[in-house]
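Presented below are the structures under discussion, each in the form of structure tokens.
Note that chain A is present in both complexes that follow, paired respectively with chain B and with chain C.
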Partner chain A sequence: MQFAPAIPPGRYLYSGQTMSSEPILRLDNIVKRFGQFTAVDGVDLAIEEGEFLTIVGPSGSGKSTLIRMLVGMEEVSEGAIWLRGERIEDTPANERPTCMVFQSLALFPHMTVGQNIEFPLKIKGRSPAERKQRALELLALLRLPEHYYTRNVTQCSGGERQRIALARALAFDPEILFFDEPLSALDYRLRKTLEKELKDLHERTRKTFVYITHSLEEAMVMSDRIAIMNSGKFVQIAVADDIYAKPVSRFVAEFMGEVNLFDIEGTTSDDLHGTGIEIHVNGQAGEFGISLAPNEKGTLMVRPEFVRFLSSGETSDFLVRGILRAEYALGSRIQYKVETANGSKLTVENLREDRYQGAIGDAVILGWDIESTHIIRE
Partner chain B sequence: MKTSRLLRAALMAYGIGIIAWLYLPLVSVTFASISKARYLSFPVKRYSMTWYTRALESDTVSDIVFTSLKVAVIVTVVSMVVGFFGALAFARYNWRFRKLYQKLILLPIFFPQTVLGLALLMWFNSVGIIPTWKTAVIAHLVWISPIATLIIAIRAYSFDAALEEAARDMGASTWVTLREITLPLLMPSVISAGLFAFLLSWGNFPLSLFTTGADSTLPEWLYAKMVSGYSPLVPTVGVLSIIASFCLVTLAVLFPWIMRAARKDR
Partner chain C sequence: MERLDRKLGTASSLPLLAILLVAFIAPMLVVAVFSAMPRKVFSVFNSPDFSAYAALLEQGYYRSLLWSLGMALASTVILFVVCWPLAFGMAKVFKRFTIVLTIAVVVSLFVSENIRLFGWVLTLMKGGLIEGHVRAWTGEGFESPLYSVPIIVFSLVYVYFPFMLFPLAQGIAMVPDDARQAAADLGASRWRILFEIDLPLAAPGIVVGSLLSFVLAAGALAESKILGGQTVIVIADEIETAFTYGQDWPLGSALSMVLITIIAALAIYGIAKVDLDAIMGRKGR
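Right after this comes the complex of A and B.
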């Protein structure tokens, strides 16, 4: 597995402005061990001010442990955390200017909505009048009715509780707002709505958001940058499009949704050994950076939506013959499974309007272009 | 599931039987307390409230009640405090000897109280402490504070640790977190633990018998009166004691409602 370097400052644009050179949060070789087990294994990261960064990984990848160390609820075994140039890894959670929205939301059940939102202000010693004014502002910001101020949190719905937790975290006015999978308990439609609300909120508040989730879709919708984590390490950190189109490993490619992967070796012929893939590229391969030296091993990747059914006589850069085995309706798209001559399976996804006109069992020719092809070298 | 008529009738009879079995003795004591006769007999022939007047006027009775009250109140307060922190250690925090602590703290509940009382008396004697109502407080605490701990621990187990973490994350110190989050959320169980502590101490006989020395608590006095020189004061004071306990329990049952009303006002 390899590290992808953090994106150099200034290269990547977001919200119409260039990132400043000083990261708001910098992690320097962070390690966390629980006895013999290493949960987080030497993580480096630079988070830019105002960025929405999502850390994605399967359960057990160490992302929760990492975020708990960042807010100060877990001790760091090794390494340093820098917040605006100040080392904070030994600062207790209650003295760090960061705040987290918990997976369980952690709303205080013995308090009203208003008391919950005002809690951080009460701790900071603000006057009751000021507290109430701010709580009402936040209720409005999160589109909650004003009369919820006196409502008990236990009487609120899942989505409302979500917004209350967010309002409370914003009342704290943190330098960085962390999220520990707060949407995972909600149903699909509500999650979709809240994802967009969260993105809007990020744009309106311009705060630095660091979000962790196991759901890639969630990450893709909201984030400026995505960091993929596996076995306690970052596998790739990049903007969503790059992670989707140019994954650095098979793990990332597969984690980012349906994908066709072929083990290949560099070749000089116009056929990839054993894969049944014919190459019809006219000396362009090198230009797109997908050429392999003869005998060099790699993985060829193409996303299902870039593969299309070719009519006889039509050609494309890459071409495979096979038999259509199955068809699944996925809503707006249709997914097909095609078995090639050597037994490997290919997944194709077309929009409903581009539906393949034929039947299961047909001999078909599939093709895709070099622009949608990516070679993974591990 | 539909219950048949026969089954429903049987359940009803069972319910009434249980309640009668539990409360009939109390009813007979009540009758005895309002009987005019000098000796306990049933059915009661002539009724009178004289013994209630005498009980309420008696200096002995008020002394005894005061002693019992002192013991019970101190036991209650100490049990609530010890039980609260004990329950946090029991249920919320992981530490080295936690498993052992969990077993050891519950053990005194299962000791026969007479043995425990005797053991404490012998120990008091050997270190040269003269038993009074104060030693009874200690004896009661040995038996009652584990019970209080257990009651609070049950609720502490279901407590979401993220609530405390969230409070800390928003800048609350350990002490503020305890005051604003942990204590209010465990309060209902602390109140019930206190209630149990009070009632168990108020009615305790075996431990008091060994450890009060020259002082006497209400159950001890009732017993002494029964075995030597019975007077109708015994059922009368007994009934008064039951009424007091009943009032306390009613107050406790209403407590959550009172708290909610108070919170609304705030």
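Right after this comes the complex of A and C.
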């Protein structure tokens, strides 16, 4: 079992996929300052042709500013943007071959659905017949009924408006399609449906999609790669599974959902100092790749769904003893809070069918395997 | 409960309704009836005829009407072109400076229109502020631009400036920024954005501003009298004359009715075309 090497923050990392020769879009040390405040702080990124890249970050992380610079609505303070080897950071938005789906969708309220979709074609000077044909094709592609062509956009529902905005962007036939949290205003179920539709659309069109969101779930469902952004910098860029299982920092680990983190220090014994965790695999920690140099600090991470309740006599690579303090039903899963002897809290999540048969206050033994364990070195 | 509310609402609107009837509808009715009386009578109890309306064509009053409408149209078009950039700035660009501009324009309304127009006379007349200084410095004078049609149009533009500017700024403020950005993102140039996005979405403001300035300019009197020196006689002038020196109430009423009908038709057409609720701040849906 190999663990991910430490990655310097802000650096571009590609994992999992094969790379084509030339990235479609390359960002070279992009900086954006608003007066004293630095919103985007030296970002490097290479976006591959045809990939679905999602930039995720909490609000205020600079992701919106970044995407606005990429489409040309915000000026770049420093750095270069290369589109297919051509510098474009000074090209105005209307001359860039890229296009964005806005958070607000920004449909034109005075136009019909058809006119909205045809707008970019009209700008390009296409004939009315050609425009209409393309608009109808796009309506079909996005599974909107043909008679919507003459409907006013203000009469369409949230999900329909979403699809119209997408159709309009596709009509532009952009080199790269950017998305600025377009699903955030929709209710949960519709969002789930549209996430899958978007992924499906990406597979059918094979266009390069760059999507920003603060919702990790959204990113996980759709993306080929995820870039995690915090305080104007990329913290980690990797495929979804790697970001989830092998985060490079506590921030990423915690951002990716519930997680158990333990501060550990360099150790040569099977005792992880002060954490209350016992190691039971063949004695030596170093053998599974979690050894730290003497006095090196690190964080041991295990996701709640990999932790299980052990029955007496049962063993696992890592063991923790504690008291069951709380139980929460999360629908298909049950979440437990367990307090260990030294006072630290552990979160455990089991499927409903594996529900723990006991009561609050029970003394329990928790265990997990080395394969589910990750060491964060910052 | 709801029915009681409705009854109370109706009841409380009665006083205003009464005032509207007495102060607005009744005089209009009187004018309408008078317009169908024989010329130069002072009673509505005569057998109706339409000789006053016939005078519009036969005695050339239609020329005054055309001058009024023409100059109102010209000043409205000029106002629109002049006010658009400023209104755009106020709605989208100037931020806090907008309030300074608003106050500056509103303060000019504190001074009576006639006094402001006489100020222009003093400025523009031969030997006035401008020509007088130029002559004193260079020894060469020039003809005053006063007492001509262009100066009347200029003064209409000057006087009705706020009536175009503020509705226009309000209309432009309703154009969503993201729609403009999306249009640019989809490849539209500034001109395309102006014609495809700004103008249609600011239409309520454009219609309200244009109607206000057109209606006021079409009925304007002081501009042609003071700055125009009655180079051309406007319809409002003819109406005033008919009611006063002319002692011909039916003629005055008939001319009024024609003006009112034209303006009302324009107003109804314009308002029907746009969503006035939007600009009044009431959002349906």
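Brief remarks on what is shown
By definition in this document, the second predicted complex is superposed on the first by the 353 of 378 C-alpha atoms of A that agree within 3 Å, B and C clash if a C-alpha of one lies under 4 Å from a C-alpha of the other, contacts with A are read in each partner's own complex, and residues count from 1 in each chain.
By our rule, contacts are C-beta pairs under 8 Å (C-beta built on N, C-alpha and C of every residue); 3 or more make two chains touch, one makes a residue touch a chain.
Worth saying up front: this structure is predicted, and the values here are computed from it rather than measured.
Superposition model on chain A: chain B and chain C are shown in a clashing arrangement.
In the superposed model, A:326 makes contact with neither chain B nor chain C.
In the superposition on chain A, A:119 contacts both chain B and chain C. Contacts of A:110 after superposition on the shared chain: both chain B and chain C are touched. Of the two partner chains, chain C is the only one touched by A:154; chain B is not.
In the superposed model, A:341 makes contact with neither chain B nor chain C. Once the two complexes are overlaid on the shared chain, A:102 sits against chain B and chain C alike.
Overlap of the chain B and chain C contact sets on chain A: residues 71-73, 92-95, 98-100, 102, 104, 106, 108-110, 119-120, 123-124, 168, 172. Residues 71-73, 92-95, 98-100, 102-104, 106, 108-110, 119-120, 123-124, 168, 172 of chain A are the ones that touch chain B when the two sit in their complex. Of all residues in chain C, only 176, 178-179, 181-189, 192, 196-197, 200-201, 203, 285 touch chain A in the complex they form.
By the touch criterion given at the top, residues 71-73, 92-95, 98-100, 102, 104, 106-110, 119-120, 123-124, 154, 168-169, 172 of chain A touch chain C in their complex. The part of chain B that touches chain A in the complex is made up of residues 160, 162-163, 165-173, 176, 180-181, 184-185, 263.
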